[in-house]
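Taking it in order: structure first as structure tokens, then the write-up.
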């Protein structure tokens, strides 16, 4: 998709949804709080789903074990941040960032490294076979979760937010949590990086081609296997980053946290259309907003808001909003 | 004669035939061969899962539809019995009402799901059913007035099937004849009939069309088969059988709750059993269910022995700890994909079919 | 009698088949020729229902088939083979053909909607299928899974499926493409036999002009989705449209790259 | 012919697919700068042979020599990087990708469409007008013949030493076949070696220098095209027809 | 028979693994303590059989049956989750053996699903809710509740509401159990509370995934809204550090009860694990104390009817002081603790400081079973 024929309709969906709910919510400050919180939540969801746009969207690997990298990232963060109490305890934001950035980096490194092994032993034998992917990655997920329990124990571990990121800024009557602003910035950075890489290099193209006909890509002289490994590792590392963000948001981590977000992130990718970073972003924002609006207007329905959203989008565009890969 | 009962679908391998016979007689004589409540519970669970998995095989192995909503129908069956007996008391009438009501609901739901499956592509459909199943589970725990919520429902069976029913003074071959034993044989009879019926269905002209659709839906339509009709029928039939499996479960457990019959975990178990056993074979369901459930039920006991034996090596002992049994289950998932890509049945049949080198 | 009236389909701005009206009488073999991308396969897709027409009608024996799904049209008597091989790869050759045979016969198995009888009991289906497999010279490969067949054999099976359907209208889309020179005659012989049965309508898309010349009773020419010529073979082949646009009787060859 | 003139040479190649033994010791010599034709009936093993050269099937025995170096154990990408372009029997067109993207992938040096060699592209457009016409369309939507054109275009979008093509003429209109013959002739003139499987003997006859005929997984005849073309008895015995 | 076999059915694995393990630790420590380290009562050895219900009701049910029947267990303790407990109740009745429920909390265990073989040392939801009500129920206080939208949450709120005498309850907010973003719910709570006079409290009862305390990040202070909640396990109380001064009532915190049993348990736990005992450790310990006290009373007789007679109305010492099995529904009556959170850098969690012990007599815990 080039700028030439940019498809603006899905882009309009987000503001449209927001505006449509304004009269329903009534109070503008409440609406603002909900909207900002929803958008920021969407960004967090986007970060945890971004790895899956690569792994599921582009590489066509139905990785049910993706969540385990999210959990792994979060647990690594507890260890890293736990050892930097001075920095997280300070209420100066820059000191907090000095603590959080290495935590993110280490989490990404560890998740990426484990991703490498995961690709080799779990995913490689089953490229192109969805059913087996489901089973074997579920197995990988279970193993990963259990290993996390062996290393960190089965109990919940607190992951307190650094002091400087606690609390909220006030916009008139509306409160905007500081952490959500941080999340928005991180999310935008991830988005920019992903979108740039996929648009500016042949990587995306090669992966899509490789999914359709691996032999042909190899016959053209590309080492598709290495590329697949690289992309899988990148996806896992992003999941690790997502885990840090999610863990900090929840302020505690449990080994099951990966499994808990699995369905959510699959929904985001499907709404977005396979392989599309922009679509995933829109999907995530819609999910985040929708959860808040329905949560405020009809809390009972909030449970099903994601599914309703997904079904509605699929009825409109059966392939998701911006399908890149045509599967 | 045998051929007719099996609908002409012979095991196709001597080892497989022996295995199947062993399973059949093992289950038929389980109360006598394997004394104890635990063993009987495992045997009963095998019976329920054979039906459940075989019904899923119809959908997955024969029609090629990946659906995660299969446990939904299983749950409907179990809840049908649970709710009916809770409301109407432990009577045969309640069992009938529960079963029929559940079948009806499954019919309607599977019709809807089946029709929807044609609108979206396969992976999307799989993911949608995943979400739908999750939503259904939440719904079941939300409607707590009806379903008992998270806590589920505990209920009683008609006198003949309740454990306190003991018609004879004396034991029979060392086994007390009680309602539990009668329930077991009711399950056994039901499982046998249902599996044979499924075998018949997959070996009918209809079953062959399903396979054709799995192989190439587009071409099946082009040679004159209305794919919508066949797919929907297949979804409905498999849902109905799953519902009956759910009823069997409820009769045996006299309890039902969202985790018991609706959880994603059960769905994964079912998937794994299909794959271990061999997709698109029906027989695989029996083999897989026995292998998996026995492994699952006794894994912790096995690990306990293992971890005690290795207590000198703390790391190994930690991994072999019975608390980490899921780790080994996960490994089973992985290894079964590695070593049984076509399942036990596929393996055995291939061994037979391979020309001498 | 098969007839299309003003049949058109557009993909976005591109009109792939553009108002084609044509009738095909039983007992004749009509060859459809035209450059690559002229719309021949698309025309077939519109007739057999793989594609929905943007406008126009398809009639068979006076019955309007427009809007009906492909399976219904097949049951109504339209049969086709595909240009790009399109089979049931995991099933054996015999089973492939049997499925097609089953799709046509009413008998006891009710076209596959019979859930309760045992498949292997329908012996006459198997016999019929085996005969068809023989007729396309695949008998030796009868139990091989289709995915292991060489390309040429898959093309033969493609034809076998069409034969098994026993339709009123046969549509062949380049049946011999990729078939070797001692195999192609088998298929051409089958088509010739069909022609002898005066009740059948046969449509043939073919790029090999010697085949067309030999088999066709009539040729129609499509270019850019439009019917541009229709008539007896010799006459059409000699026409300038065909000579230039299709056969490529050219003035100059393309230049070499720098 | 001296060994130095051989670009590719196969000796006693055996190939198994799963449990099946398909190639039973094939010998084949592909001289540099010539068009070598591979003929044979359906199921003779032609496609299997080409796939073995590309490393898509593994030779279980025998050697595949590229300019005297054994490449039988190399991975497919490495083999391709030696300077080989391959057009498979099923065309291998990426249906999801546009025609442009299909060609871009074959242009290993180019990072985007602008960097593809313009002159060469113009030449391709002239040979296969459909490639230009459907430049921005998903390749999967093209007609059978158009896909075949894309597949061949992809193989020649950058210069290669050896072009391996499996039945390029099937499904093509006569005028396009003429273009393709021209294209191959021009490539050959530019020093490119071509290994071609072809059923269309008219096509074969107009291009071929050397010929190898396969049957039942073996080469049963090798010689020059001219010799085969002039000997009707040989044709009948090998191919079951006369030219 | 020289052994007394006690089956402990609990979540050795599964989502409640961490809780279940605490119970097991407590149970073993308690048995040890109660028997003076001999593990013998009246010359009979106490044998504990561990059974892992994995948090699955159906599994718990069949394990209990197998324990009573195959393993000849004399009585059983457990399980961790209420759902499992409810499925297990009829099994005790069927086998006519005691099931001592610990720590499953659902009211209906000693309510309408109860049978005479069921005892419970753990607190029930009503005790939790009512003690919390007692702790924050003052005139002039306005309260809104935030709970999970399912039976557990709704029952808790109902019991809480019924126990309020002075405060005004203006809103009940129920959110789906899997809620992760609490903004919408918080916004509704704020809208309801912000214009109320006096002290304003959001009382939270929440168990499981999600962190409802995040609502504090929306700067509730500017409206003068406070948060209150019950106790929890130590890792979960880490987030209490954000709420110095928060009040509520808890079942147990190791620093609160002052009695020899608690001191012994804390000491033993530090000795063995270098850490204080937690919420559920105390429960397991209490269950052990109840079992041994009862067995001593019957002289080691494990017949169910004898035991029932001995246990009805029986008082026994626990880390929480004296508990008494109420005759009517076999629920152990026990103290709860009104606390106030203090932040102490020495601890990784917010430390609950005792405001006042709420004695069993102060709480009217309704009797809900039909005897």
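As written, the chains take the letters A, B, C, D and E, and residue 1 is the first residue of each chain.
Just so we're on the same page, a residue touches a chain if its C-beta (ideal position, glycine included) is under 8 Å from a C-beta of that chain, and two chains touch if they have at least 3 such contacts.
The shown structure was predicted, so the numbers you read here are calculated from the model rather than taken from an experiment.
Trainee: Among all the other chains, which ones are in touch with both subunit B and subunit D?
Mentor: Chains in contact with subunit B as well as subunit D: A, C.
Trainee: Would you pick out the chains that touch subunit A and also touch subunit E?
Mentor: B
Trainee: From the centre of subunit A, which chain's CA centre is farthest?
Mentor: C
Trainee: Roughly how many whole angstrom separate the Cα centroids of subunit D and subunit E?
Mentor: 76
Trainee: Can you compute the centre-to-centre distance for subunit B and subunit C, using the mean CA position of each chain? Integer Å is fine.
Mentor: Taking the average C-alpha coordinate of subunit B and of subunit C, the gap between them is 45 Å.
Trainee: Subunit B to subunit E: how many Å between their CA centres?
Mentor: 37
Trainee: In subunit A, what residues contact two or more other chains?
Mentor: 149, 303, 327
Trainee: If a residue has to touch 2 or more other chains to count, which residues of subunit C qualify?
Mentor: Correct list: empty.
Trainee: Residues of subunit B touching 2+ other chains?
Mentor: In subunit B, residues 138, 142, 324, 326 touch at least two other chains, as defined above.
Trainee: Per the contact definition, I'd like the list of subunit B residues that touch subunit C in the complex.
Mentor: 4, 7-8, 200-201, 203-209, 211-212, 214-216, 218-227, 229-230, 233, 237
Trainee: Write out the stretch or stretches of subunit D touching subunit C in their complex.
Mentor: So the residues of subunit D in touch with subunit C come to 17, 20, 40-44, 47, 89-90, 117, 119-120, 122-123, 126-127, 130, 133, 141-146, 148-149, 167, 170-179, 182-183, 186, 189-190, 199, 201, 239-241.
Trainee: What residues of subunit A sit close enough to touch subunit D in their complex?
Mentor: Touching subunit D: residues 200-202, 205-206, 208-209, 212-213, 215-224, 325-327 of subunit A.
Trainee: Which residues of subunit D touch subunit A in the complex?
Mentor: 54, 56, 75-77, 80-81, 86, 88, 92, 94-97, 101, 104-106, 108, 111, 138, 140, 154
Trainee: Which bits of subunit C are touching subunit B when the two form their complex?
Mentor: 48, 50, 69-72, 74-75, 80, 82, 86-91, 95, 98-100, 102-104, 109-122, 161, 165
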